[in-house]
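Chain naming follows the written order as A, B, C and D, and within any one chain the residues start at number 1.
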């Protein structure tokens, strides 16, 4: 068993990490860290547990540690990070310099040229950037990132359609409040309402999707040259990001070809990976956040509403934003790191 | 004062008609009709009043009539219709044949070649189709339509940008539940959820917007040749449709030019018309349904989030779907009919 | 395996029955009935499946039958009913006359003197009323009922406190929309709102709770003589009824005694029964509908906020209204019927 | 015109103060204060305006001042306070010592023996406590309080029933999120959920209601001796607290007597006071938060569902929690202070 830890274990994503790492077949959860204020407390006392399954007993009594390398036992090999991005940048470096491999969900450095941004089913070969990273920075450990939750929802579907030559993407998102973290969206702002802006989210989707679909060569990633334009909205749902995607292609696939491409999307043989990767719904009213966010145990991508338009194809796509879109994404990246021998 | 009536006065849109016609400066509300089952009852008894202002006293005690021409006093000149579209088609004809002018919100016949589909600030000249209509059908009265609520929200903004040569429009909507009528959306379907499909709505937006922006010549409307592609979503809001719009132009306007075009959008001098037509928000988080749906007393169009994209301009637009998008649209059309001498 | 069927299988409660009866250790689901209009269709076509787990494959392809005794195979022994109460009264009689045992969730006849109203952990001995029922009505089969969902939520907690002599109960409910069925609550009525009235619900709680807590003697149930007063509210939650209960006792138990009584509540050894019956939360903010409705796989009763008042004890109680409060209640009654040899 | 100011003008209640004080017939809004960080900014920049009417132009450009006595012009006579209760205690004293009259919505000192806790229609005579306050504390100014929002909702109704001899009250509340302030309730906690606990709220209702209904004699208030027991719940509504009230009386009034008592409730002749004070609904489904919170321009009390119970009377009551329950309450108290010559 690989010994693992969670940096920033008390927040909303931290709680999802705990759900996913309890009873994991390859990882043993050894270490939970949080801010100075919580260090020394039991996890039960430090976290306000809000997930809809009880807090695992073994975790509840574990003592929370400071988020510093010297607080981590030596035999821990892999750390998952869901630190706030403003503190992550410095703290993650401390851990990597100290030799740890960090699979991070935090948004800092996702676009750095020597940091792999990876979805295992989409671009596992980008992990090789770690070599450039170690060479550049003189690190023993490694820092890898998964993309932002709204990006992860869309990109597996786009990757499946890449065979038709993607030229332009317009996407509008309907995002759940959990994507902003526990204090992110006040109830006063969202009941009977929607907010047509999420700070930085559109830029993340536009850049990260092109990095993920890009090609690795000569130690760096050539971004895909598709024009990606996003409008991001927050709506009153708890979990599950729904997205309307409009794609224009070099070729002219019909809806059958597109549906077949989704259904044939490559899977990967890792414990947390869903099979199939993409579930296609025929009912045009699906997928819906509440009904379908748990497809593939929250790691699947749900697609529906595939239609031809005057200029290409439109479809809707949904994924669970704190499982496939955050904690599950980091865990899956951790499994890929282990499988490929980077630990 | 012009004597007016409401066909289908007890439903959600009917209730909005009553709000708007009480104390109207030009119209006197004389007649309320409903289904056979309610005829003969007081309006108070027949309607389950759910608007957030009390039912006007004078209306409450009015007797509801059958929805048939012979139930209408002769001195009534103008009828507003919010009948279910499956019954509207036949019933509206009965009234127009009997000589009434009907300003209808129902979706039937909006695309008929001799039925004017009008937003007064956008295409008032399309009213002239009434001549073709009377010639074709041998009618004394007239039937005119306002567009679907999601179309009305977007088209005034597009019309303001028509000067730049609109070539392609992609639009994703976040629509309130009141757009589907009282029994339209079960609470079980929408709490903590969104539904990425509204039957027929996307086709309505795509066709109606092109008819509204089209040119009238030789007794028919040449549809605008822009490619319009819509994805329509229902979300858990009561009132107010929010839309993400992506536009590609023949020219290359920047955000300032676009904002100026919105602010300079032509208004019309009618009692229910808002001034300005379009309110532009600088805060990218606005407009929001709950905060901004009452702009211009529910008749205004709110715009925000104007940004350049790789291929054009994107912006967000909001309007109140049962005021500007339904009852208010019909009332405004009624005012235009009166102003232009069609009554 | 006991062969079972569901009368009214396509509705919201019907779908929960299917979830609970798939892979049941004692029951084999053989028959699904619905209204005339759906008979002959596959279940997949007849039902609009809205539960958040996929429709079981074996059920999806089953043919829906008419809701009539001659449409049921002879080897079916037990029928679960979630028919609308206005049709249930007649139809359930037809089945019982034809010799079937019907475990019904419908509200008709719950207060009939010869119909057992049962929660297995509370008053299993009331099943003996079946003998009076058969004698009175000349039936071979039997009709038993579970209480209304808001009653089931409260009564197991009250039963645990009966040892202190319950004299008065005031209860206010916060009920989920699924309790009203799919068409029961319009989204226009409940978003950003609450409705302080549910037709007939208060009377059900007041009468059914006293029947459940009553004693069976001489072939009838002596209602418990506590004064029970309820106010029932609908709120914007999907599943899970939360209730504030104020109890006055003959004795004067303190909060520790009350908590101990809850924790020691008797369980019953049946496949669907939870253990413990009642889960007590120390955090005064719990139980909450979204977080705690699945306690005991949706069959548990969650209690919190136990406090002494000037006149007695107050506490909050929560249960899943369509599992413990409806389909699960009927299934558990079915298990009790089998265990006690009534099939 | 009396010159007034708002202490803590940028928060949710502060924004309601501004709505109510713009165009007030007696008060001229001269001063807005906020925390150190905002001092010197325009109000538009300092506040995140979230009320559903535009920010008044004159207020938008006003400069926000520090919350200190020396930042206030000398000719200001009356200050409204909606400071967080943890800072209010100290800061309010500073202002009163400096000679200002402070009408405060903050919860500190509401139960102090020499601080008037007032609802003008219920206990205006309690203002005389100011004399004791000045004598005790050596103050020139005065500090008066309005009760907590859930208390204000219920007490005018109880006061109207006091003629029947109130002995016991059980109340369960369904409270809107705005009652907790902008950061008070995370959207992750309340969508598809309810929270059966609001810290300190039950104690406030139980104590404040008895102080309000108490008699002033010998310079202090004798609390009413009714037993009041409350359970407080947060639900997903924006504004409007709904409460289920169960009352036991010395006498035995029937529903007609109770309804008449509500309708005859005394009003007070002040600019912001509603007339009638209490609006009685016959429809048992009313009052509802979204439909009825604006009764009496948000200052009215709405009552419905009056029914006899085995032990007394039950009814439902609703008021707008940030108007009648907070900012409007303080403004009304300010009007009473002016009317009674305390400024």
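FYI, contacts are C-beta pairs under 8 Å (C-beta built on N, C-alpha and C of every residue); 3 or more make two chains touch, one makes a residue touch a chain.
None of the values given here were measured: they were computed from a predicted structure.
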item	value
Far-end chain from subunit B, centres as C-alpha averages	C
Comparison of C-D and B-C by number of C-beta pairs in contact, larger one	C-D
Gap in Å, rounded to a whole number, between the CA centres of subunit D and subunit C	41
Centre-to-centre distance between subunit C and subunit B (centres being mean Cα positions), rounded to whole Å	46
Interface hub residues of subunit C, defined as touching at least two other chains	50, 191-192, 236-238, 290-291
Of subunit D, residues touching subunit C in the complex	168, 170, 172, 174, 191-197, 227, 229, 231, 233, 235-238, 242, 244, 246, 284-291, 304-305, 309-311, 314, 316
Residue ranges of subunit C touching subunit A (in the complex, touch as defined)	50-52, 191-192, 238, 290-291, 294
Touching residues (chain side subunit D, partner subunit A) in the complex	12, 50, 177-178, 182-192, 236-238
